[in-house]
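Notes follow once the structure below has been shown.
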């Protein structure tokens, strides 16, 4: 059971993120929602590579014992890097929106017709 | 963003070199320890961001031109792709690690086991880490800088 | 014609290198930078064509990054290029090159063009990477590169509130979509310990987690492809971006569409046909789902286009309807996999991908030309432009006739294939398709009337024809449209048919990487 | 393909096109004259002589070509020619009498469906470009009519193709296939027969709208919008629209003939003619002309004399609701034909 806690955390994070994305009307909170989903997915990836009592995969060959699986860590890193770019872009867009509309409320940012 | 108090500025000036060096260390040891170009770059960029917060965006922009920063950012990107292309030229494939085992730059093959790490290993990996590190430091710093400046100018517009 | 294997890597590497070089070149001279970007993209398009001639004659090509051979496909980053990938790559290269030539005059008065061109090159690298890669995670990375670059380009006119709003909508949708894709990739990786598409496809079991991954992948990629009911972002982004970007966005959207195809036909191609739910094979169920979505897309696209008053939003809804036609062809192909008309439908759907890209792209360029000349996109305020903008009018006529599927233009060739196959699945489908195509014609005749015909408006008395670079780029696409329309068989036999075979023949795709196949 | 064969094919195509164009124009005008004469007799008038359309054309070609000031000249002058060319190009795909079509490549029927829109489209664009409010109203009405009648037309074409697929034909959209397998011989029971009769009736009702003839001629309504679409056209351009109209009448009648009555007299064993002889061709052509005449008589002359002009909303309603439902019923009958026959154990 204890080993399932990360997976539960993943589910909670992703659901929280989706909740924020769908029900929150503040643009910043929507950005936070995206961040939460991203953290959830990253946590999921890193959990996949976990091995019990393993060591960091930084040696040319292991000094004994098992190494944690390095590929998920590489994937997570890449995903984090991309996430930084996405969040930076989103926040700068939020700034621009605030400049044009004077509000962060999604309901009022509706200059584009349906 | 406006200037903060003198205490903050002094502390930031003192802390800046340490943070910067730590970031550069993480970049340089990217092929040996956890970390690498992006992580080290982020640390170093946060050091720069600390200066920005302490001294205000106006002051920082007077000292550093944003245009010049983006040149460095491009150089980082070019470096990364160029090394990958050199792999095609000297080695067998795109992204090939053609330096490893060459006993030239970072060319030593590391000893196996959990002994002390040798920085002269890894082939093109450290070089790529440097390129990525440069790009990340400058890139993140530019993002923070431009955002801070835009926020300041917006506040002034409102007034 | 044989080209060395590393051409595959160069196709992605050259735009990337160009992207980072552009700001440096731009510091010297603006004109030099424009020439540089055009040269880079032309060279890249040339390489894509060389690669295409090789792939189409000799079959699937693979390229392993950083190593000589595919010794450990689990950990290697692999590019696998089959006829379908190269088909999409050709579309992207043509559209991007044309867009850059168009931008020369179109974006002349804007500042920050260094970044504009850098982002276009990044977007190119992203799109080409998406369609050429043979690795799921790599696909995700290129997907994100594409979304970030296209979002920044949609919001490029930051002085307009609409652009920024559309950009934000787009980035929210695509960030969420990309994270879904990543989650699905993680689910697959956790089970099969592989990221390679071919490898995954050979071992996939269709467990419960695989079902979740399938749903996530299809939902996320279809959302990015803009099919109804996930199309809301599409008219906003297409309509608010600069026209030169709208045309690139068309091909970026199609790259996501390629992702859907790859997932259904290759990644799950092995299992979907062998497993049945409710007594019906799963791929038939998915095919019917796609057909249903396609019909809804066609209807909603056409009817929403009818009521639009903004030129570019109208074209964007037309693009939604055109997407529906593609999905209709592909969906029918999946339902009737193995029959002769299923094959025809698949051909038609795939042929329509390139035709849609060209036709809708041409219309966006025309809309941009009108905006350039009059600074106006609202149809209510335009009028009488055919007097002053003769060439643009001709290009618009070619574009709208092609979109509406009138002979002898390319839209007819592919829609004919779709009609003459879908009616065998169900006659109603073909009737709806034909009727909506004619409605689309009516919509564009309305646009033609309100923008180009009618009395001369005093404020547009001095409107001049757009500069040569814009006419030239529109001319290129118009020529391709006419050529495709006059010789459809040549294109179908040499480009579309191999692509359709590549989609169906997943076992060949797998056997390139996994020794011994499945 | 060697050069000689290619040049022969091209030559055959060119000569064939010229012959077919002449055929279409001459008989189009002739049928127009006949139609006017018969309509006049039905209304108790004497009517113009049968050669009147030829005289009209000759006179129009000698008249000056006036381009209104508000018009966009290059579009205004271009579209009449486009309309005529598109209409004549439909004739290339139609089998006429005992002759097989000059060109055929598989998707003929859908191609014709689209090519039939070209003359209307040309008139619409011409109307828009002439800058007159009457013409613009006419063009909008023509647009609405065009969309309206396309719905039943599409149903008819798809139903025919579907039935042919069911009986195992390949290339079902090719007119040579359709002419080779007459639909009446393919029905399995009375339901299918009724279905096809319904479709034939629907097509007969679509024809006057396609030709802008009286109950559906609100785009041109002389009495309210003074000729509508064509109000600004004169001289050579008007003559071309006139010719287009004539040729289109022949085309529509030929389509009905090809789809529903593709029989040839020469095939009858009674006459004892060998296929391919000149006599056989002559008899077929004459029989074909007779069939076309009958179709025009019923679908154009009779309807236009019997019914008054509808308003534009009535036109759209007629085609979108009753006629579409009607042809859908036909489609359903055709689809259920074999199934019900199986159920009853009659096949």
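By written order: A, B, C and D. Residues from 1 in each chain.
Here is the rule we use: a contact is a pair of C-beta atoms (placed from the backbone, for glycine too) under 8 Å apart; a residue touches a chain by one contact, two chains touch by 3 or more.
What you are looking at is a predicted structure, and each value in this text was computed from that prediction instead of being measured.
**Q** If I average the C-alpha coordinates per chain and also across every protein chain shown, which chain's average lies closest to the global one?
**A** Centroid comparison flags C as closest.
**Q** Could you work out how far the Cα centre of subunit A sits from that of subunit C, in whole Å?
**A** 28
**Q** What's the distance between the Cα centroids of subunit B and subunit D, rounded to whole Å?
**A** Those two chain centres are 73 Å apart.
**Q** Calculate how many whole Å lie between the centre of subunit A and the centre of subunit D, each centre taken as the average of the chain's C-alpha atoms.
**A** Going by mean C-alpha positions, subunit A sits 63 Å from subunit D.
**Q** Measuring centre to centre with CA averages, how many angstrom lie between subunit C and subunit D?
**A** The computed centroid separation for subunit C versus subunit D comes out at 38 Å.
**Q** Note the residues in subunit A that touch 2 or more other chains, in rising order.
**A** Correct list: empty.
**Q** Output every touching chain pair, sorted by label.
**A** Those chain pairs satisfying the definition are A-B, A-C, B-C, C-D.
**Q** Inside the complex, what are the residues of subunit C that reach subunit B?
**A** Those residues of subunit C that touch subunit B are 6, 9-10, 13, 16-17, 19-24, 27, 63-68, 77, 114.
**Q** Sort out for me which residues of subunit A touch subunit B in the complex.
**A** It is residues 56, 58-61, 63, 77, 80-81, 84, 88, 91-92, 95, 98-99 of subunit A that touch subunit B.
**Q** Please output the residues of subunit A touching subunit C within their complex, sorted ascending.
**A** Subunit A residues touching subunit C: 14, 21, 27, 30, 34, 37-38, 41, 44-45, 48, 71-72, 75, 78-79, 82, 85-86, 89-90, 93-94, 96-97, 100-101, 109-113.
**Q** Once bound in the complex, which stretches of subunit D touch subunit C?
**A** Spelled out, the residues of subunit D in touch with subunit C are 70, 72, 74-75, 106-107, 110-111, 113-115, 117-118, 121, 124-125, 128-129, 131, 136, 139, 143, 146-147, 150-151, 154-155, 157-159, 161-162, 165, 172-173, 331, 335.
**Q** Considering the complex alone, what residue numbers of subunit B touch subunit A?
**A** 32-34, 36, 38-39, 42, 110-114, 140, 143, 146-147, 150-151, 154
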